[in-house]
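Next come two complexes built around chain A: one with chain B, the other with chain C.
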Partner chain A sequence: MRVWVLLLALFLPALAQEGPPPDLSPEVFAIARELRCPVCQGESAAESNAGVAVEMRRLIAEMLQEGKTEAEIKAFFVDRYGEWILYEPPRQGLTLWVWLLPLAGLLLLGAGLFAYFRPRRTLPPELLEEAERRLKEPPA
Partner chain B sequence: MNPALLGNLGVSLALAFSLLGLALALLAYFQGDGRFLRGARALVLPALLAALAAFLALEWALLTHDFRVAYVAKNHSLQDPLWVTLVTPWAALEGSILLWGLLQTLYTFLAARKPLDPWRASLVLAVLFGIQVFFFGVMATIASPFETLPNPPADGVGPNPLLQNHWMMAVHPVLMYLGFVGLSVPFAYAVAAMAVRRYQTWVEETRWWALIAWGFLTAGKVAGMWWSYEVLGWGGYWAWDPVENASFIPWLLATAFLHTAIVQQTRGAFKAWNFAFVTLAFAATVLGTFLTRSGVIMSVHAFAEGPVGPAFLGFFLLSTSLGLGLLSRVGREVRDTAVFRPLSREGTLLLGAFFFAGWALVVLLGTFYPLLVEAFAGAKVSVGAPFFNQISAPIGAGILLLMGVGPILPWRRPRAEVFRNLYLLLAVLAGGTLLGLLLGYTLGASLAVGLFLYNLAAILLLVREGVLGRKAAGLSPWGFLENRRRVGSLVVHLGVALMGLGIAFSQTYRLEAEKTLYQGQAWEVAGVRMAFQGVRALDEGRRFAVEALLRTDRFGEVRPRLHFYPQMNAPLPAPKVIYTPGNDYYFLLMDFDREKGTWASVRLIVTPLVFWMWVAGGLMALGTLYILWPARGAEAAKGVSPA
Partner chain C sequence: MGLVLALGGLFLWGMQRNPRELPSVLAKERRPAPDFTLPLLPPYRQAWGETLRLADHLGKRPIVLNFWASWCYPACYEEAPVLEAVWRRYRDRVLFLGVNTQDKEAEALRFVAQFGLTFPSVFDPRGRVGVDYGMYGVPETFFIDQEGRVLARHAGAIDQATLEKYLKEAMP
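Up next, the complex of A and B:
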C-alpha cells in the first residue's frame, strides 16, 4: 500500500496535466479540511496544491459519489497513513489526554476559584477567646 | 570599510556595551553606588547606536547586492524590487534576530529615560542589558547575520516567494517584534519590584509599556491574519499553526496582565498574579521563538530556521526561573488577604484573566502534544484546527460574557441598581440568541449574535451612564471623551465583540467549491454566476504569472492568478478577493490547461463577515491608541476630569 502511495506521489506531476482536476463540492472540502496533507508543512488536504493533496481531494470526491460516509472516508485515509492524518485527534488512545487535560485544568481552576472567592471563615468563638487572651498576656 | 565589517563591528560593540552595562548595573545594585549606575546609563545610547549601525550595515549589504555576505546570498537576488530588498532583513533568522536586538536596544533606551529610584533603576537596566547580551551574543556566535562566503555567487535566490507576494510582509513582522520586545520592559520592572520588595508602583509605571506592547501585538496579529487571508490562498486567516500559536500565547498572557493590573492599581490586590503573568508573557515570547525557529515543529512559517534552538530554550528557562524564583521568594508578602466576590469588578477581571491564562495553557498543550507523544511514545499524531476550535469556542464565549458584564459591575460589591442593568443585559443576550435561532443559524452562531448584541448593549449602557453622570453634575457630556482609559477600552471591547461575531460566522458558514471550466462555460455557485473567458500569461521578470479571466454578473471581470517563481517548483496562487459587508468572495485559480489554455480550474470560497474582522482589528488598534494618546493636562492624564 505504502509503495503505491509513493509511486502515485512520484507520477502525480505528470498525471495532473493529463486531464483537468475533478469538480469538487463543498462537502469534499469539509472533509479535506480535517485531513492533513501528508507531504506539506502544516497544511490541510483542502488547502494544499501539492500533488498528493489534489489526489486526496479527487479520492474524497469519488468516494462521496459512491455514497460513502464521512466516517468511512476518514477511516480509509487513517488506514493508509495512520491516525497522524487526522487533524482532529481521536478521543482515545494516545490523544485521549489532549482532550482530558483541559477538562482536568477546568476542574482545578474551578476549585481554585472557589477557594479564592469563598468568604474567609472567622475563627470559632473558643479559639477567638484564646487568641485574645494570648494577645493580652505579656510574653513569657 | 565594507558592510560585513561594519556589521560585525556593530554587533560586537553592541554586545560589549551590553555586557559592560550589565556588569555596571549589577555593581550599582549590589554596591549601592550611584557612580556605577551613571556608567550603566551612559552605555544605553552607545548600544542602541551600535545595533543601529549593524542593522544599517545589513541594509547596505542588501542594497549593494553584496553577495559575499552569506545572508544576502541566501535571501536576496538582483531582481528583487526595492521594497522587498528593504524588508529582507527580517525574511530569515539571522536578520530577524538583528531586528529584535535593535528594537530591544531602542526599548532599553526609552525605558532608561524614565526617572526611577536608583535601586530599581539599576535592576531594570541589568535585566534589559541582560536580554541584549543574549541577543547580541547569539548574533556574535551561532547566528551571525554577517558571515561571509569564500566564493560569493553572482546572484542569489531571493527571499521566500511567500514573503514577497504582499506588502504586508513589510509591516506584520515589525509590529510583532515591537510587541514582543515591548513586554521586556514590564518584565524588567517586575523583577526589580520583587528584588527590592516594593510591589505596588511598578504596575502603574509600566502600564503604558504593557499597553504599547499589547497594541503592537494585536495590530501585528491582525495584520498577519490579513496577510494569511490575502496571500496563502486558502481563504482562511488562522490555521492554528505552531508559529501562530507561539505568538498567540504571549498575547493571551499580556491580555490577562493588562486586566489584573487594573485591580492592583485600584485595590492593591492580585500582586502575585501580576508578577506571574508578566513573567510568563515575556518568557512565552522567547519560548515561541525557540519553538518556531529551532525546527522542532514543522510549520508553514518556518522561513527562518537555524541552530539557535538550545540557546533560546536556555534563555526561556533562565527568564522564567528568574521571575518565578523571585516570586516564590516573596510569595508570602504578595499574597492577597482581602475578600473577593465573584460578582464585582475585580471578581470578573480575575475570572477573565484566568480564562486568558487557561486558554494560553490549552494552546501550549495542543502545540506541544504531538512533540511529547513523538518523544515518549514514538508515535506521530496531529493536533490541529478542529481541536483548537472546539476548545477555544467555549473559552471565547466565556470571555465575551465576562467582557460585557465586567465594566458594568462596581468594585467590591454590586449595588442594587446594578442588578437592573444586569437583567437587561441578560435579556439582550437571550433575545439575541433566540433571534439567531429563529433566523435559522446554528446554536453557536446564534450565541455569537446574542453575545455581540449583549456587549453592544453593555457599551451603550456605560456611555449613557458616563454622559448622564456628567449632565447631572452640570458638566459637558463631551467630557466623557476625556476619560481616555474608559472610552478607549470600550472601543477595544467593541472591536473584540465584533471580532467574535466575525470569527463565529466565518468559521461556521464557509462555503468552498471548485470546478473546471472550459472556455465560454458558465458556473453558478453561491449566488455568483461566472463565465470563463480564457487564460493570459504575463512575464513579470522575477516571476511568471498566469491569470484566468472570469466574467461575473456581480463583480465585473475577476482575474485570479497563479505565480510561478523560479525558486519554487509549485506555483503560488494569488487569490482575488471581493470584500463585501456580508460575504467575502474569494476567487482562486487552481490549475489550467498548459497546452492550449482551453480550461481552468477555479475555486470559489464564500465566507461571511470576514470584512468586519478587519474593521474589528482596526477598532482594537484605534482604541489602544486613544488610551495612549497624550492627554492635554496632567490632571486629565490621571483620569480626574477637570471641574
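Up next, the complex of A and C:
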C-alpha cells in the first residue's frame, strides 16, 4: 500500500507536465521558443508565464491562423523589438561576430595546443657533442 | 595580458550601462506612433467618449503615453502621483494618456481612485498595444512629439525631473 502511494506521488507530477497546454498548438510554441520573452531573464516566449509572453503566444497563434509564415511572424516581432528579440542572432552584420568568435577561439586554442605538444626538434649533432663533452669535464 | 585587460574593459563598460536605457526601435528611428483604438476606463467616458483612437489626437500636441497596471508594485505606485502632478501643470499643452495593461477592470479602477488620476486611461486587458510599442514591461512611458513620432521611451518608474526633461524636448 505504502509503495503504491509513494509511486503515485512520484509519477503524478510527471503526468501533470505532459505536453503543452491544450489551448495552443505545438507550432505556436515552436516559434515562441525562438523569441525572447522581453521582461524575463534568459527565458523564451514559450516558457514564460509573464503577461507579455502570454500575449506573444496568442499573437503567434492568431497570425498562424491568418496563414502567416514563421518568417513573417518573426519579422513582426523584430519590427517592434529589434533583432534583440531573436534568440539566434542573425548571421550577418554586427551579430555575425557572435557566430565567428567561438570558432576563432577554438582555432586559437588548437594552434596553442599544437605549438605546445609539437615534438621538439633535436639539437644539431655538433652541439650535442659539445654538450656531452662539457658534461664529462670536471667542474672548474 | 592584453586579452585580460580587454575583457576587464568590456566588463566595466557593461556594468556602467544603464538597464533603464533599453533600446527602442520606435524611438531610435523616430517612427510614427503605432495607432490603436481601445475602450476608456469608465471614469473617463463622460469627458472622452466610449473609446479612444490615438490617431485622433496625434499631430495636435505632444502625447505622453504611460503603460501601467495595478499589479505593478511598487514602480507604478511610485510614478502615479508624479504623473498626476505633472499632468495638472501641463494639461493645456500636452496630453497624458494611460494604457492600463493586462489588468482587471475593478483593480484598475481602485488604482485610479487611490491616486485620483485625472488624465484618461484606456483599458487593454490583453496587452496588445504594448507589443506594438515594443514594450518590455510596465511601467513604461513613451514620449510622442507634435508630429506624432515617438521621441523617447523611459522604462521603469519615472521621476519628475526626467519627465519634465522629456516634456521640454517634446514641446515646441
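Basically, the second predicted complex is superposed on the first by the 99 of 140 C-alpha atoms of A that agree within 3 Å, B and C clash if a C-alpha of one lies under 4 Å from a C-alpha of the other, contacts with A are read in each partner's own complex, and residues count from 1 in each chain.
Keep in mind that, in the parts below, contacts are C-beta pairs under 8 Å (C-beta built on N, C-alpha and C of every residue); 3 or more make two chains touch, one makes a residue touch a chain.
Keep in mind that what you see is a predicted model, and the values were worked out from it rather than measured.
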Check the residue A:Thr95 against both partner chains and state whether it touches chain B (first), chain C (second), both, or neither.
first
Among the partners chain B and chain C, which is in contact with a greater number of residues of chain A?
B
Tell me which partner A:Arg58 touches in the superposition: chain B (first), chain C (second), both or neither.
second
Based on the superposed arrangement, let me know which partner A:Gly82 touches: chain B (first), chain C (second), both, or neither?
both
Touched partner set for A:Tyr116, first chain B, second chain C, both or neither:
first
First (chain B), second (chain C), both or neither touched by A:Ala50:
both
For A:Val39, decide between first (touching chain B), second (touching chain C), both and neither.
second
With the touch criterion stated at the top, can you tell me which chain A residues are shared between the chain B interface and the chain C interface?
50, 82, 84
What does chain C use to touch chain A in their complex?
23, 25-26, 101-102, 126-128, 130-137
Where on chain A does chain B make contact in their complex?
16-17, 20-26, 29, 33-34, 36, 40-44, 46-47, 49-50, 57, 82-89, 94-95, 97-99, 101-102, 105-106, 109, 113, 116-117, 119-120
Can you tell me which positions in chain B touch chain A when the two form their complex?
232-234, 236, 239, 241-242, 298-300, 302, 336, 339-342, 347, 350-351, 354, 358, 361-362, 365-366, 369, 373, 377, 379-387, 390-391, 511-516, 570-571, 573, 590-591, 593-594, 599, 601, 603
Touching chain C in the complex: which residues of chain A?
38-39, 50-52, 55-56, 58-59, 77, 79-82, 84
